[in-house]
Amino acid sequence: MIRSDIAWSSADRIVVRGKDLPGEILGKMGFGDMAFFLLAQKSPGKEESVLFNALLVTLVEHGITPSALAARLTYLGAPEAMQAAVAAGLCGLGSVFVGSTEGVARLLTENAGKPASQIVSENKRIPGLGHPLHKKIDPRTVRLFEIGRETGYYGKHCELMEAIGKEKKMVVNATGAIGALSCELGLDWKAVRGLGVMARAVGLVGHILEESRQPMAAEVWEKIEAEASAHLRREP
Amino acid sequence: MIRSDIAWSSADRIVVRGKDLPGEILGKMGFGDMAFFLLAQKSPGKEESVLFNALLVTLVEHGITPSALAARLTYLGAPEAMQAAVAAGLCGLGSVFVGSTEGVARLLTENAGKPASQIVSENKRIPGLGHPLHKKIDPRTVRLFEIGRETGYYGKHCELMEAIGKEKKMVVNATGAIGALSCELGLDWKAVRGLGVMARAVGLVGHILEESRQPMAAEVWEKIEAEASAHLRREP
Amino acid sequence: MIRSDIAWSSADRIVVRGKDLPGEILGKMGFGDMAFFLLAQKSPGKEESVLFNALLVTLVEHGITPSALAARLTYLGAPEAMQAAVAAGLCGLGSVFVGSTEGVARLLTENAGKPASQIVSENKRIPGLGHPLHKKIDPRTVRLFEIGRETGYYGKHCELMEAIGKEKKMVVNATGAIGALSCELGLDWKAVRGLGVMARAVGLVGHILEESRQPMAAEVWEKIEAEASAHLRREP
Amino acid sequence: MIRSDIAWSSADRIVVRGKDLPGEILGKMGFGDMAFFLLAQKSPGKEESVLFNALLVTLVEHGITPSALAARLTYLGAPEAMQAAVAAGLCGLGSVFVGSTEGVARLLTENAGKPASQIVSENKRIPGLGHPLHKKIDPRTVRLFEIGRETGYYGKHCELMEAIGKEKKMVVNATGAIGALSCELGLDWKAVRGLGVMARAVGLVGHILEESRQPMAAEVWEKIEAEASAHLRREP
């Protein structure tokens, strides 16, 4: 069936999920709340809004990440198509980085009610644990669970994720916290990777803007190319 | 020079533009304000926040657009990589759709102070005018300029854009209004296409979620394929 | 270690895998053989070349596929960036379409020596079987296995794939044949999805060229949008 | 009109531009010739085939380019979606790198018959000239024009491009030669960027294969991130 319930428009109207976009949404609903409205199909309450916006904001920036580098290197070749540079940066938000929020939300959804020890023994790889840099503690996790408590949304999914972390003796990283808190908000695990995708899209636009003013991509290229091929050049 | 001023992190800290992410941003800054913070390098004031969030929200949704279709058709083949489906949808935000915000902001920035008639005579193609559906009026433009006035940001760039529209006898569309209001907010035109890219990333996640629950892509494919090749099949 | 053995260049030389590009490759090695050279790190023999080129050619075209539609819809919005339209089309070559070559090659590599019945019982989902259109027989498979025999490369991996098809009572589709024949050629399964990606890149350029001359994307959009939102418009 | 003349299929047939894919193409037409067949809508003659394959092969590899780096950094985060890594690498083939073949072909097509000096004076930026590395001579250009002569296709477009290079006192780079020779082959300039896109798709698959065996992306990331943020870390 070719049918979408999201939006429709006519010559003088644009309606999104039953609300008139110009009349009922613009100027009244913030950007993060609009994202919640589309994923949950209802406007967020005040507490939901605080928590959901925090989940989104968490993944916007982590400095010169692989996705930021991919976007900047793409922009170097096609500055007339910055949307393609952002797209290139998003392509890498898969199972290893950012996309692991989905794995966490799915794991917690599908194993709700089971003890952490059983989940650990049944799943060889658990997403949302460990971080190459934030080894002892991920400061984003601490703060996100705190906001979860402040807003009344810290619950059984968060507890389970923390128990799994203890069982595995690994830190719950930001994607682990986001996956768990997304479950508390009742979001479908199929939408949860999308939080990181939205967030990073915002961050990548910031990187492209900086790259347009203070470029690094050409120098990254030259430096890495020289190092990567040095052994070939040395050969007789 | 390989140097970025956006963010840095250590084992226990993540700092974005001088602010501690967990301590000073999470739970305090909404998603739209975070985007402003990255593009303008300062937190938005209250009025700025209302206007900037409205600019972002405007472009999130317009129903089954070409970019929504491209994302859904991509997800059909690679449901394990929804980030790539969103990326595919973003790739088309170029000179024709959404990306025209950039053209508008650039035109208004580079021609500030000139009369509309001169700008029209000097530029064969003016972005931000006309819409295939919203022919007489784009209801988003009306509301956005209204919010511009309410927040005190409606100014010379908006006036110029409206004068250009009158000169060309064409409606100022949503990307025209967004381009003009971005100038009023002092945003660099190089960042302005990015507003639409961020916005549509949010909308596309919503489309992927709906596609995962209520798919249309396979049927779109079959229907269009049948129609497109009917004349070839009829040949002897 | 930042090191690549693929190519290096200096002011007057470009060397790929030890061969001088202008002097030893250009005009001497065809496009398909160049692809083999990069994946297998040796020039193909005459029979290898015939078979490998056939594997590539098979997946170039299948008419108005989801990837062709995604590319055309992307080009509609950003005609100045046709590379991004091709990229959008490639993003969907995942586990469902085309990318299943990888699943087949991996399955056959990791289960070499096992009987088909055991492989079927151990794997819930077997890639490379069935096709929505080519239900009784995939004519590409028949021809590819024939070329395999003609070139002396039809062997145990092909036999195993055909046995698996019989066991499951499903047709071995083109990606099944390509996966098996890639194993016969000794290709690493990690490269095998790449055959389809290369092939479809060629096909998508052809679609973009046709779209530039004889566009369909705008009409696809209008038609699908109207159908998808008809129920919303009917509401009071 | 929703109509494509490229291909159609039924339960037992796949027909591409009037030829039966299994019966008339597979095993008979090489990968490069298939690309020509789709762009020119005829099979290439022997000389055409040699030249066209050389054009494609030229742009397959140039070592650790920005597009290879973008693809490898993307693969690091989403190894399950190598097609998205190739797509990310292709997104940067725009006006600056590779995509300049299109600019050249368009310029030569639209200015055929004019003297080089006039073209230079009428166009501020001329694509296809200069190279950051191959400053005095681009060895690919020399060889490509030689193959052009050997195959009888070196003609007025090549002469014009060389004259433009002399006028500007800049080396004709590989994309300049490819643009000119594409015109000699009668290709539509709208398809010419596509040659580089096809070519680089092949090269990028080779880079992803090497990255899967001998990874560099994580180390590139760490190194560049450390350098880019060193000044922020030093601050009190």
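Which chain is which? They are A, B, C and D, in the order written, and residues in each are numbered from 1.
Simple rule for what comes next: a contact is a pair of C-beta atoms (placed from the backbone, for glycine too) under 8 Å apart; a residue touches a chain by one contact, two chains touch by 3 or more.
Bear in mind the structure is a predicted one, so any value in this text is a computation, not a measurement.
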Sort out for me whether A-C or C-D is joined by the greater number of C-beta contact pairs.
C-D
Centroid comparison with chain B (C-alpha atoms), farthest chain
C
Chain copies touching (chain A, chain B) - same or different residues, decided at half shared
same
Between chain A and chain C, what is the gap in Å from one C-alpha centre to the other?
30
The distance between the C-alpha centres of chain C and chain D, rounded to whole Å, is 19
In chain D, which residues are in touch with two or more of the other chains?
2-5, 7-10, 63-64, 78, 80-81, 83-84, 87-88, 91-94, 98-99, 216, 220, 224, 228-229
Residue set of chain B touching chain A in the complex reads 1-14, 16, 21-23, 25-27, 29-35, 38-39, 49-50, 53-54, 56-58, 60-64, 81-84, 86-88, 90-94, 98-99, 102, 133-137, 139-140, 142-144, 146-147, 150, 188, 190-191, 193-199, 201-203, 205-210, 212-214, 216, 219-220, 223
Please give the residue numbers of chain A that touch chain C in the complex, ascending.
2-5, 7-10, 15, 78, 80-81, 83-84, 87-88, 91, 224, 227-229, 231-233
Taking the complex as given, what residues does chain D use to touch chain A?
63-67, 69-70, 73-81, 84-85, 87-89, 91-99, 216-217, 220-221, 224-225, 228-229
